[in-house]
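Here the chain labels run A, B and C in written order, and each chain numbers its own residues starting at 1.
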Amino acid sequence: MSEKVKKMVKITVDDRTIEAEEGAILLQVLLENGFEIPYYCYHEALGPDGNCRMCMVEIEGKKRPQISCDTFVEEGLIVRTDTENIRRVRRGILELQLVNHPVDCPVCDQAGECSLQDYYMEYGLYHGKVPKAEKLHFEKHLDLGRNVMLDQERCVLCKRCVRFTGNIVKTGELGVVERADHSHIATLPGRKLENGYAMNVVDLCPVGALTSKDFRFKQRVWFLTSTPSVCHGCATGCAIYIDHAKTKFEDDTIYRFRPRKNPDINGHFICDEGRLSYKALQENRLREARAESSSIGFEEAAAQMKKMVESWQGRIVVLADANLYIEELEMVQIFANRIGGKLHAPLDAYRDPAFEDAWLKSAMRAANAKGVERLGIDTSMPSSRGEVLLINFNHPAAGDVKARRQIDLLTHRPETFADLTLPIAAWSETSGTLVNEAGIEQRCEQALFPNDPVPTLMTWLEAWDLGERCLV
Amino acid sequence: MTNRVKTVPRYNKTAKERLYLPAIFEGLKVTAKHLFVNVADINAVETLEYPEEQPTDITERYRGLHRLTHREDGSIRCVACFMCATACPAQCIHIVATERTDGIEEKMPQIFEIDTLECVFCGYCVEACPCDAIRMDTGIFSVTGKRREDFVLTKEQLLAHKSAFGEDTSRA
Amino acid sequence: MSTLSIVVTLATIVLAALLALLMIPVLVWLERRVCGLIQDRLGPNRTNLFGFRLGGVVQSFADVIKLVVKEEYYPSHIGKGRWLFVLAPMITFASALLAFMVIPFADDLVLYGERMKIQALPVEYGILWYLAIGSVGVIGMVFGGWMSHNKYSLLGALRSASQMVSYELALGLGVISMILTYGTIDFNAMVHWQSGTVLGFLPAWGALVQPLAAIVVIVALFVETNRAPFSVAEGESEIVAGFMTEYTAMKFAMYFMGEYVAMNTASAVIVTMFFGGYQLPWLSTETLTAHFSAVAWTIVVALPLFVWFFIRWMKKNNTVRPTVSTDWGRHFETKVLSVVLIAMTVVIDLILIYISTLPEGSAATTVAVTLLQIAVFVMKLMAFNIFFIVVRWTLPRFRYDQVQTLGWRYLLPLSLLNIFVTAIVVVGVLS
């Protein structure tokens, strides 16, 4: 396809002059320049639909307000987004949207991130004229499968979910049924959602019609903090937000992952497995150090590790997990050099061709496989000669290496304990850089600050005084 | 001197004031009168002899211990919307929500605990509740217990508290 | 020393010690109750021993127990000086107690030809002893404030020390004019002097003979005891507890008790020097002994009347508001106390009747007169203690510079003037 030459033109919005690409969608330009325009059906990834009519703006020269999602930028366009007329239009449309809305806010999970709530507080604030008894009723908590719950009464019929299942994942499970006042979203009778990206409709839905069954009733959204990070499910490295909360009554916990917009990698979406991988970070974690099976304190464990490494000098094999951050891998590399050990990060253990698909899922299930390659770490399995000390930095296939003695530094509880097992912080409890399979570097910020934090990998290596690496 | 001079009244200038003793005597008269009136008849002292006398100014607006209200069929009215927990300035309300299966509502609290040792009895939770599910009209002002745990009111305890002013129809 | 004088001396010492020490819980109780009633509230009245509240006196004993079992704690920076830290309150307490020992509780007891002073320390220089030992209390305060290693304690101690030193002058000069008037430094002789009349009908009490000296000395004694309105040392709202901040448990208790003993002593001195001491007005000891039967019969009639009124008052007041509930505990207590009081009245009346039948000048009459005088002294002492307490809860505290102004610029010249006038009158006119 030929590249269209991007011509920048000037438009005037609310007496401000803005430069924009000619032919771009006006709503997108307005949103990018910080103007607050309400909208339901438009989505950057799905394109405009023109059915909600909320994004109306006044354009000089046109008699009636125009929807900005179907207006394209031309030279000299004069736009007004905040006039008395526009406010009246918005309030009217909002009132129509809310005619049959059940006002479920106390029980709806979307409260706090709901477009209806936000726009009502900003543009509405009217008294509804339809009494509760006269509203139409539909199905309330319908389980559509794949962790998606549908509430047909709350829907504003923006059809983002229909367009997603139809155009993006091309499975077409959702559609609008019946006419006029009785329109609602449904699947064909007996059919459920069955694609690997189904939970994205939960993010797309601007109201509480489609909600995550996994997150249902777990926490209120305003208690959550969103930390930008990267999913560690596979080498694609989709950008995510980690939504976590530390309350007076619970330690810092992760409640869900949400996709973060990254035009280079994942656009606006993530796969379902990656979305649900937050559970693995919190279940079955190792939090205490062990010598064989008995619990020991952290200082004693560090001393034992030092002693073992010194006595096995020269006969050490180091295994590193390919999910570790670049900074941690570098540190492990320096450590291995210092103690005279051979460093391996076998990648075969992570390959899963069955997982791969045409969009976001990669067959390489390690997040930093490219980082391992960049650092020149040996990616083959070490040959299992018996008389070695194996230091395992959280590699899942360490059991395949036969060693006389083993020191494990793990995030999760193993089935059997090695000679010395030390806990390390998971990737959400420390920060670092990952390199995805296309070579793009991404930064993950530390999300969790638990009350009793587990020491990080860097902390265990402090005894060897390997110098500072990047800030952790 | 200009006309912006403001004359400040000065005290203790007359001979009688500077003597102190007449003023002291006046003060002693007042004090002694109170003393003798109260000693002559101890009932003249307006002290509430608790616990024999109980306070008489507990009205419907008085913020005593909390209670969770019931629907007409006796089930819990609260839908675990977290408005009270969010509004509480002392963060003393612990709620864990769960699915409600009897068709009346979708959500209900599995755990609803109020730590009365942290509570400041401000009444914001009552104001914040959209369902009239929590009220503070029990009129209970005295809570005793031997351990800290005794002061954490559980959902069952809160449901069992009764209003001191007759069960009003809900305004929800 | 005959056995009689030994017995009497011992009895006087015991009486003085009891008076001083037992007054402490009573004064604490009075202070709290009176201040409550002045402020239209009840003071403490709930602590009881087996249901006997006694109006709340038991509270003082509960306080004592609390202070005794509290944690002993020393500031860490004192180091080696801890012995002085602990000694300071003892100095204050001891000096206040010692100063009380020269007050006569009754006239000399003349029994079987022996003349025995009813004073714990039977010395003739009572006023000098009081001035000297009473001033030693300041040392305890200064030590306390200094050893606390605390700026605010030091400030409090120094303020108190300088205040007390300033008013020592006024006190001493006022006392000098009294000495000039009475012509003696013996407390007992002073009381004798006050048994006459002035202007024909008024009792010759010091307050009426020397009103200016009375005011100067009373004010100076308020200051000496650190009582409001001159409580700069323990200005409760200003510098926490002043020099007593770092003291806990028993050490604090000793400062606390020392203050009440000092107040008691000051009341005793005022009563002795200005209000006739142990004497009933117009009646000297000789008159009493001579007409003892009349006096005895007056008491026999008056005492039951007084007790009857008291029991009636107790019935009305020792209860919860009758409209609210009935208080069986307190009703029982009222009954028991009534019975005890009536029994005591009967016993005293019988004794008095018996004594009045005895011939004049017998030993029993003299002893009875002594006891009567002791009773009169205690009543006057209590009246003055209540006066101290009421003044404390009437007047706001003086600002520190106002205290010094009062001491140096008003009381000192006034007392000097008083001395001159007294001297002129005593030496020039009367002799």
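As a convention for this text, a contact is a pair of C-beta atoms (placed from the backbone, for glycine too) under 8 Å apart; a residue touches a chain by one contact, two chains touch by 3 or more.
Treat the numbers as computed from the prediction; the structure is a model and nothing was measured.
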item	value
Topology of the chain contact graph, where touching chains are joined (line, ring, star, complete, other)	line
Central chain of the complex, centres being mean CA coordinates	B
Distance between the centres, which are taken as Cα means, of subunit B and subunit A, whole angstrom	46
Distance between the centres, which are taken as Cα means, of subunit C and subunit A, whole angstrom	83
Contacts with 2+ other chains: residues of subunit C	none
For the subunit A and subunit B complex, residues of the former touching the latter	104-107, 111, 140-141, 216-218, 220, 222-223, 247-249
For the subunit B and subunit C complex, residues of the former touching the latter	21, 24, 27-28, 30-32, 34-35, 38-43, 45-47, 49, 52-53
Contact footprint of subunit A on subunit B as seen in their complex	79-83, 86, 91, 94, 97-99, 105-107, 130-131
Residue ranges of subunit C in contact with subunit B within the complex	34, 37-42, 215, 313, 316-318, 320-322, 324-325, 327, 390-391, 393-395
